[in-house]
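What follows is a set of structures for review.
What follows is chain A paired twice: with chain B in the first complex and chain C in the second.
Right, the complex of A and B next:
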């Protein structure tokens, strides 16, 4: 049996301070009405009680814009930026919620597989994650409804808040072991008292997180629901702004473009986030647009996230983080949509007692 | 001129030189490329129906079906319509110019499974580009396949691609029946007039032991499939090659998703049965 550890909550700041020589550190800090994962130079800025960040963690692995390679048009040579990505300073992400760890596990499947995306993988390997077990619900999330409230992999250290202003610490990987070494005396092995406190926190978590919908037979539901009137209704409300996809931790679609420099002798092949809500997303030469109507694009996002992700990767691409619900200007809620479809097609969730 | 040859990064293209450029129509030309690297040249192979990503450095990258056949090693042939940024730049290339090519991608046709079958090809316009690869593959292994029937439709006679093969090569091959039609009448045109489905009246096709292979503009599929179903073709015996917007070619950018499948990975060749289960496919 490997050990679990106890750390004082306030000592997390000391751990972050001690890790600064080795990593670029990012953590949740408050900004106006929301939180962002920001570069941490002063550990006291970290707010481990944050509700949720506006942008997800995908920006650390697929930047909103990145140069994949440079072309020298005179010499006709290609300079891959992968070695630079690999040489980036290791990054440490502090306080990552369970749902966001699930999002990374999903992206791992997308960017891995038969063809590996080397830029994503390089950043992923170069990143250490200190997860944070939320034991109380957040404002818009519904993780327990989509089974993302528990994580068993994808973190290097995992912190569960326990009584006495402490964390119960689980080590998930060799990268986590490295943090243990850096932490030194800040961590001590958990005793029975610590294990009991962990159990109490988890009991609290299970009782406090709501279950509002279920995913039973979700494939069948979506196959039945293609012509459901809900899509036309939502289509009228949605303005195809793409915010839902931009804030979503699992929406990964991107565009590729070459950008010439002023000398016209060098060009960058760049990729940028895109969203399926945009008009030109499925536009091809002709011109022919496979999803010309705005409602078709909104519906497509739901189908890709649920039905398509299950087909391609065996899990749905919604972690229940609630970001799109919080930021949709039209008030469209993925949770309500899935609930409504599920209720009509296969029934309401059976919630077992606390 | 240097490039590291490694599949560590699937997005890095290999350099290839334009060896020959032949005008097919006003809008389309056939481009023949040869990889600069000896190893790539030696090991690069593909299935009919697969596609490659061609880079014009500084302009962009776009997917094109391979039009040559792996049974004839040598230059990689691509039939390309001029229609936008990348294709304009390709049409402006001179022999000797260097581009980037990566692939091949997509499933292509499983030529093994088609062995022993009669084959009905239905192509519209530049839909003939990928089908030419299959047809010439079969020409080179003629004994492995049954009767071949080819329906080809174009808007105007001048818009037909691979006219030499349409008129002089394929009709003269053993056990091949070839029919063409154009949408609009033309003084010099003696043949059929009408959309490609009118060829079903000209030539009686039997569905027994026959696989239909279709590629053309998006509007064509519905009508062709309807007629095939009337003739008794089963969904599994109708193969379609679909086109979608693509950026990465390897299942990451998600532009080519149809319903729950990716055109670049699960396709571009689908059976009609599959397509029926994919909303928005045709």
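Right, the complex of A and C next:
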């Protein structure tokens, strides 16, 4: 049985409509100068030509604020009234770019690796992903530089735009098969003509996506750059607002706090996103702060994403999605910083741009 | 503690619009539950019979604008175990302190006429300039949920959790498109969160009412606004509108307007 299909672009909306009984559906929707993955009740709101969303998909798996446990302080008992994450309605994410699929594969290593986070894993299992192959570059992304422009796993269906306002559809999993059933006659098996059109789209993709950065010897670069003046210079521009980490699809740090209700009996243990850019992030008893100086915190974020992630997970925690570049109020670009360091430290051949 | 074993609370107003005290009344839905937790023994805005202290917790609203207020705030401090300043006037000088940038004698003449020797007016300062303040709940007005959280924390002997990170945190989480990218003079990056980014959420740039974030980088925000076409005057007004006392800080003086 063939696992590649052809679908008319306009039929995606029909597929979404048909899937609505089974899933909560989220897709890219324009909001002022950006896009967000929003709940879809009307499929025509989905904008598959979106450049990039402000917030990544991490919000669906590690919500910005989540109650993990309820307890009673007076009785010292756990209250099991919290709804089970596993019982949540299945969610379908439509139009997910390759970089964001890579981001989830990275988060899988963090939350589904040595220490399993049951909330994250339950939501991952409960989620179906329709990926979207970008065949043209987006405004701030540099996926090809960090090798995240191609995905081989992490999607259930993967759509590649081809000529004639169609999608070439690849099925990646049994969850994808379920969507095929829902789609019914909206999909037909790809023929040689379809395969050729796919090939042409991929050729176009490889030609149109620039490479502006090389990661060769990136470990050595970062080991050499610890005292580089670049960190002090960036420190002057950075306001430690945390926007970069919040919009980052792989920044996963959170803070945990207990909050009592007004009877001072019932409490919620809540985790909420935090970032290493904030003063209190590395504040401990004493009070002592491991990273008291703001530039040290900015530097730490770069080191954790590149050097630390390579050490812990074997891949860098940057998918080249470009969100941090787009949403930094001070205009700091991770790509330019790494480019400059690479060029000065190990002199790898690089092409400006991309 | 009062006779009923509940912590005693006094709520006091100084120079300001009284909106923060009003915001405590606005808690409506939870006010009775709050009264189960603490005993408000002094609150002139809401009670006809008021104790003269001492109090376990004093909430102080408003800036210090008169010599008489200096005496009164010191007395409240001496009679309170914990003192919390509430609202931008109390924490950063607030709107009233804009007066400090004008000639005080001229201002007195404009408001009270030529015979104004009896008027008790001094340069406006925040509460912490005169007494030790344990905690500050900033904002114009103070956020009522933050007030409730603070009362709960203090009632169990915890340190209240008051954000010192930027409004961008709450703005990004609400997935608001960045107003700086729309060339609006937003103070979000340098302003403390806690408001839920309410202004930017409705498309209005942050005015900075909750005061600067921890280790604020004024220079970076200055550069951003300047590149957007703001004049030094525009920027100064934005930076100082709700937090005139910031003008006296070393970080601010480095800007050399």
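Some notes on this structure:
What we mean here is this: the second predicted complex is superposed on the first by the 338 of 354 C-alpha atoms of A that agree within 3 Å, B and C clash if a C-alpha of one lies under 4 Å from a C-alpha of the other, contacts with A are read in each partner's own complex, and residues count from 1 in each chain.
As a working rule, a residue touches a chain if its C-beta (ideal position, glycine included) is under 8 Å from a C-beta of that chain, and two chains touch if they have at least 3 such contacts.
Remember, it's a predicted structure, so these values are computed and weren't measured experimentally.
Applying the stated clash criterion after superposition on chain A shows that chain B and chain C can sit side by side. When the two complexes are overlaid on their common chain A, residue A:288 makes contact with chain B while staying clear of chain C.
With both structures placed on the common chain, the touch criterion links A:199 to neither chain B nor chain C. In the overlay built on the shared chain, the residue A:241 is in contact with chain C alone; chain B does not reach it. Looking at the shared chain after the overlay, A:39 reaches neither chain B nor chain C. Of the two partner chains, chain B is the only one touched by A:307; chain C is not. Legend: residue contacts after superposition of the two complexes on their common chain; A:260 is shown touching both chain B and chain C.
In the superposition on chain A, A:330 makes contact with chain C only, not with chain B. Rounded in steps of 10, the angle chain B-chain A-chain C defined by Cα centres in the superposition reads 70°. Once both structures are overlaid on their shared chain A, chain B and chain C have a minimum Cα-Cα separation of 5 Å. Taken together, the two complexes place residues 257, 260, 264 of chain A in contact with chain B and also with chain C.
In the complex of the two chains, the chain B residues touching chain A come out as 1-4, 8-13, 15, 55-61, 81, 83-84, 87, 98, 100, 217-218, 243-245, 247-248, 250-255, 257-262, 265, 279-280.
The residues of chain A lying in touch with chain B in their complex are 68-69, 71, 73, 75-78, 80, 82, 110-111, 113-118, 226, 252-258, 260, 264, 267, 269, 271, 274, 276, 281-286, 288, 290-291, 296, 300, 303-304, 307-308, 310-312.
Listing the residues of chain A that touch chain C in their complex gives 31-34, 36, 54-55, 64-65, 236-243, 246-247, 257, 259-260, 262-264, 273, 275, 278-280, 294, 327, 329-330.
The part of chain C that touches chain A in the complex is made up of residues 30, 33-34, 36-37, 148-149, 152, 155-156, 161, 164-166, 168-169, 172-173, 175-178, 180-182, 188-190, 213-217, 219-221, 223-224.
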